[in-house]
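Please find the structures below.
What follows is chain A paired twice: with chain B in the first complex and chain C in the second.
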Partner chain A sequence: MTFVSYQFAVFLPVAAALFYGCPKRWRMGLLFLISGLFLVLSGGMESLAVYGLSALAVWAAALGVEHFRGDRDRISSIFFWTAAAALLGLLAGFQYINFPGYTVQEFFWLTGRNYEWTPVQTAAPAAISFYTLTLLGYLTEVRWGSVPAEKNPVKLILFGGFFPQMAMGPIARYELLSETLFSGRGAGWEEILGSFQRILWGLFQKLVISERLAVIVNTVYSDYETFSGWYLVLAAAAFSFQLYTDFAGAMDIALGTAGIFGVRLEENFRQPFYSRSIAEFWRRWHMTLGAWFKDFVMYPILKTECFQRLGSWGKRCFGKKQGKKIPTAAALLIVWFLLGLWHGGKWTFIIGSGLYHAVLMSAALLTEPLQKKFYSVTRLNRDNPVWAVFQRVRTFVLVSIGFVFFRSDSLKMAVDLFRGMFSGDTGLFTEAGFEALGMSAADGSVLIVSLAVLWAVSAWKETHRDGDGRPEIRGCVCAALAFGILLFGCYGRGYDPSAFIYARF
Partner chain B sequence: MERQEIFQKLDEVFQDVFDDPNIHVTDETTAADIEDWDSLEHINLIVAVEKAFGVKFGMGEVTHMENVGEMADLIAKKQGQGR
Partner chain C sequence: MNRAKNKRRLLISVILPAAVFLLAAASAQRILMPKYMGSVIEGNFTEEYYRDKTSHDLLIIGNCESYENISPMELWRKFGITSFIRGNSNQLMSQSYYILMDTLERETPKAVLLNVQAMEVTGQDTEEYNRMVFDGMPWGQYKWEGIKASMMEDEHMIEYIFPILRYHSRWSSLEKEDFIYSWQEKPLTSFQGYYLRADVRPAAEFPRERRRADYTFPEENYQYLDQIREVCEEHGISLILMKAPSLYPEWPEPYEEQIEDYAQEHGLLYYNFLELMEETGLDMATDTYDEGLHLNVYGAEKVARYLGAELQRELALPDHRKEPETASYYEERLEAYEDEKTCQAKEFQELGYISKFYVESEE
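Here is the complex of A and B:
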């Protein structure tokens, strides 16, 4: 069961009715049962068993970590590392079993030989990549003494497995989520209406925009050796918007669903295509993942003795200002390698959602003096609107290049796609050329209008960060969105839209 | 060390790390108030503060520090414990 299935359209109102129909003190227990049922319906009993045992193990380990912290810190450390290794081992067993094979395949390709790895088929438990980070973050915070260990196992299992957030995030922090998750206070009418509007907006992004863009992307990428020139450029740009509307749409549904139960989840996106640099893009795109890696990987790495020494060496060799950037750039490479790997055991992810971004950010960091000189020589105002638009387009192009790797099955395919962009027939701008994208003129028009709506909403959000507007406007927006979804939504064969892209991680 | 002395010394550290002699920090100063204080510079600042005051911050403290006031409180607490 996904957020865009008909089962969910029944599941959510029934769950909400049960929630508000029962006394406050039972509501947390009810959410626990509802979340368990959601997991079984989404990933089967195996997923429930793997998650339940993982969360229970973390609950017990965290109590041990806290109990022995301080005087008997060694035992606390053993509890922590045993549980962390078990969590990561389980993730590796399910998600990275093919990684060595794919690595050999890419190595052979790089050295001019031919070898294709036949992947071992594994059925990974639903949402394992997401809840591994959620639980590991909690365990680490208990180890650091930032949050107290949760005594109640039901609360901890619900924290990692709360159904709106479990499958695709946002990656929760215990301190923030526990405040509204366990209170059972519910939401007021105004909040419920706002949440409902958010769900509709998420559905609109997924069903009207993302599913339509998927037609272009799938048509071109499934036959990428035939298509060339502008087709491949268009498919790359379309995939960036597809991924955004797919994932940000899912987040709007997740936050809206949680909001109906009065639970506040963290924002995961903030108009990422408004970013003027790659570093800013990562502060606006999949924000909870970036924050997780910053707090639990980047900072601890930078604080190690080894990186401190690297900083001292850098300062001696390159001066104080530039030298201190050396350990930061090195840490960026490690962190983004892991961030790419988290998406899956393939080099297309490690590069497209990892190392490529680290290289761009490190380059921006190390060339800061040159950039300052550029601004002072040209006397260019950084806030010049034309310059800002140029920087946004540039960031979008750079990000889309990364997403070509991300979308490709192998590095060879990515390189072929880039080569193809600069060769062959570019007959896209003819009637027959447009039809080859697999889309009718009517669908094309709907896509253009809906992308304009997306742009207008993003522009509005960018300038109005404080609120969602008046209730009567909200009502009109809900009606318009519902109408748009019903009329223009792509429901696929058998009225079953394809799954969310991030649901497979 | 008195709180006022802590802030005087913090001013020196901040001025040195961010290369700006005009920086003066208060209880309410946050990363949003200092242009170059981003997530990449945060650890450089933390390490410089640790060296200047002879204290060590835990990772939980590093990630949860809300403003300079909290930083000063932690320094005072840690120096008090060290005595």
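Here is the complex of A and C:
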């Protein structure tokens, strides 16, 4: 069962009816059972067993970590590292078993030889990448003493496995989620209406926009050797929007679903294509993942003795201002390597959603003096609207380049795609050329209109505080969205929208 | 005051938009449902049974071999037998059983004629055939059970309950007829469930089918055949088995033996029209419209003439031609039948094909 299945359309209202039909004190227990059932229906009993054991292990380890913290810190540390190693080991076992093979494959390609790794098929438990980070974050916070260890195992299992956020995030923080998750307060009808609107908007993004873009992307990428020029450029841009509407759509459904139960999840997207730099993009895209890596990887790395020394060396060699950026730039490479690796054991992920961005951000960081000089020489106003549009387009282009790696099966394919972009034009801008994209004119029109709607909503959100819509307007928007999805959504026979791109991570 | 205001807001914000949405969705569903008024008219046949308010002495069930090879109008004209064919493309044995059960909720025919070709069929070819069987059927226990019994792997019951979920993607291929017949009753496309074709395309050679190791009919089909027989017995209905004279798919000897054995074991009448070519006077050079797969109206009338005589002799099915109400209905349908036959024959003579069945494919 996924967010875009008929089963979920029945599951959610039944779950909500049960939730509001039972006394407040039982609601948390009910959410626990509902989440368990959701996991079984999504990933089977194996997924439930793996998650349940992982969460119980973390619950016990966190109690141990807290108990021995201070006087007997070594034992606390053993508890922490044992649980962390078990979690990461499990993740690696399921997700990275092919990483060495793919690494050899890419190495052979780089050295001009041919080798194709036959991947070992593993059935990873549902949502393992997401709940591993959620549980690891909690354990680390307990170790640091920033949150108390949870005594009640049911609460901890529910925290990591709350069904709207478990499959694709947002990656939860214990302190923020626990307040609304365990209270059983629920929501008023106006909040429920707002949450329902959010779910519909998520479905609209996924079923009306993302699935149509997928037609273009899949048509071109599945036969990329025969396409060239503008086709590959268009497919790259289309994939950026596809990934965004797929993932942001899933997040809207997740946040809306949680909202129906009165639970507040953290925002994961904030109009990322409005970003004027790569750094800003990552502050607006998959925000909880970025924040997790910043808090639990980046800062601890920067505090290590090795990086402190690197900072001192940098200051000596490049001056105080520039020198202190050296350890940050180095840490960025490590963090983004891990961030890319988290998406999967392939170098296309490590580069496409990792190192490539680290290089761009490090370059931006280290060239700050040059940028300042540029602005002072040209006397360009940073807030100039034309300049802002240019920066946004530039960021989009740079991000899309990264996503070409991300979407490719191998580095060779990515390089071939870039080469192909500059090798002639196969006539995209003709009727026959358009037809080659595998999309009818009618679907193309729906796509253009729905992208315009997406842009309008993003522009509105960029300038308005979310959640201030009047219920009367929300009701009308819900009706319009529901009708739009019903009619123009890509679902049912002939479509397979059930697989969200991020559900496989 | 506050409570009243809250209620008003709830009404405006939730109930009113929900009502508007439901109305729009219901209207859209009516428009998006296929109307089958083009070259594929068979999708109307299930629905047309429910529009016929007369009762029938003979119910004919089965797949396309049932609705393309016997003319109920000829059964009426020559013998005064009232009949209806409840057949659909690739109608499975399970579907024939549930259609029979559904029919029995409305009337009890004196005889049921079952075309047995579907006994060899193991599963549905395409989902579209299932939709043609069930879309036109009003909801009830047997529709539900029939769908469940024959649903393909990628089908969902909810798409039968709310057909807009299945047909929503038709928004880009809607035609004028979709709007016209959303609110207006469609003209009848069949003649008591019979698919009339007056064109001629002589029988041709068919590729030999691959030999199989085992020709035994699937156990599931035997179960449905047993259920059909038992329910007929319970209702005092005479069950007759038939194999239509379609030349393809092949009807090998092991199939024939199984049906003969079954008919003998249970004392059922069985007619294999492939072996009755001479008796019926069928000539596959002139009596088929698709090279021997199905009969045209001239062939279907020959089969009806033979069958009608047999049914009256064996089962003494009554002649209703003297009953004014029934006669009036059938005479009206017969007139339409003759008009359609003449019209198609004329067009075929002039063009060499019948445009309404070919125009779309030629485009």
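In this section, the second predicted complex is superposed on the first by the 495 of 505 C-alpha atoms of A that agree within 3 Å, B and C clash if a C-alpha of one lies under 4 Å from a C-alpha of the other, contacts with A are read in each partner's own complex, and residues count from 1 in each chain.
The rule we apply is simple: a residue touches a chain if its C-beta (ideal position, glycine included) is under 8 Å from a C-beta of that chain, and two chains touch if they have at least 3 such contacts.
Keep in mind that what you see is a predicted model, and the values were worked out from it rather than measured.
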item	value
Room on chain A for both chain B and chain C (clash or fit)	fit
First (chain B), second (chain C), both or neither touched by A:Cys476	second
C-alpha centroid angle, chain C to chain B via chain A, nearest 10°	160
First, second, both or neither for A:Trp460, with chain B first and chain C second	neither
Chain B versus chain C as contact partner of A:Lys321, first or second or both or neither	first
Partner chain(s) touched by A:Ser440 [first = chain B, second = chain C, both, neither]	second
Contacts of A:Tyr115 with chain B and chain C, given as first, second, both or neither	neither
Partner chain in contact with A:Leu302 - chain B first, chain C second, else both or neither	first
Touched partner set for A:Leu365, first chain B, second chain C, both or neither	first
Between chain B and chain C, more extensive residue contact with chain A	C
Superposition-derived minimum Cα distance between chain C and chain B (Å)	38
Shared contact residues on chain A - chain B and chain C	none
Contact set on chain A toward chain B in their complex	141, 144-146, 279, 294-295, 298-300, 302-303, 308, 311, 321, 324, 328, 332, 365
Residues of chain C defined as touching chain A within the complex	9-10, 12-14, 16-18, 20-21, 24-25, 28, 127, 154-156, 158-159, 164-166, 168-169, 171-172
Touching residues on chain B, where the partner in the complex is chain A	19, 38-40, 42-44, 46-47, 58-60, 62-64
Contact set on chain A toward chain C in their complex	6, 189-190, 193, 440, 442-443, 471-472, 474-476, 478-479, 482-483, 486-494
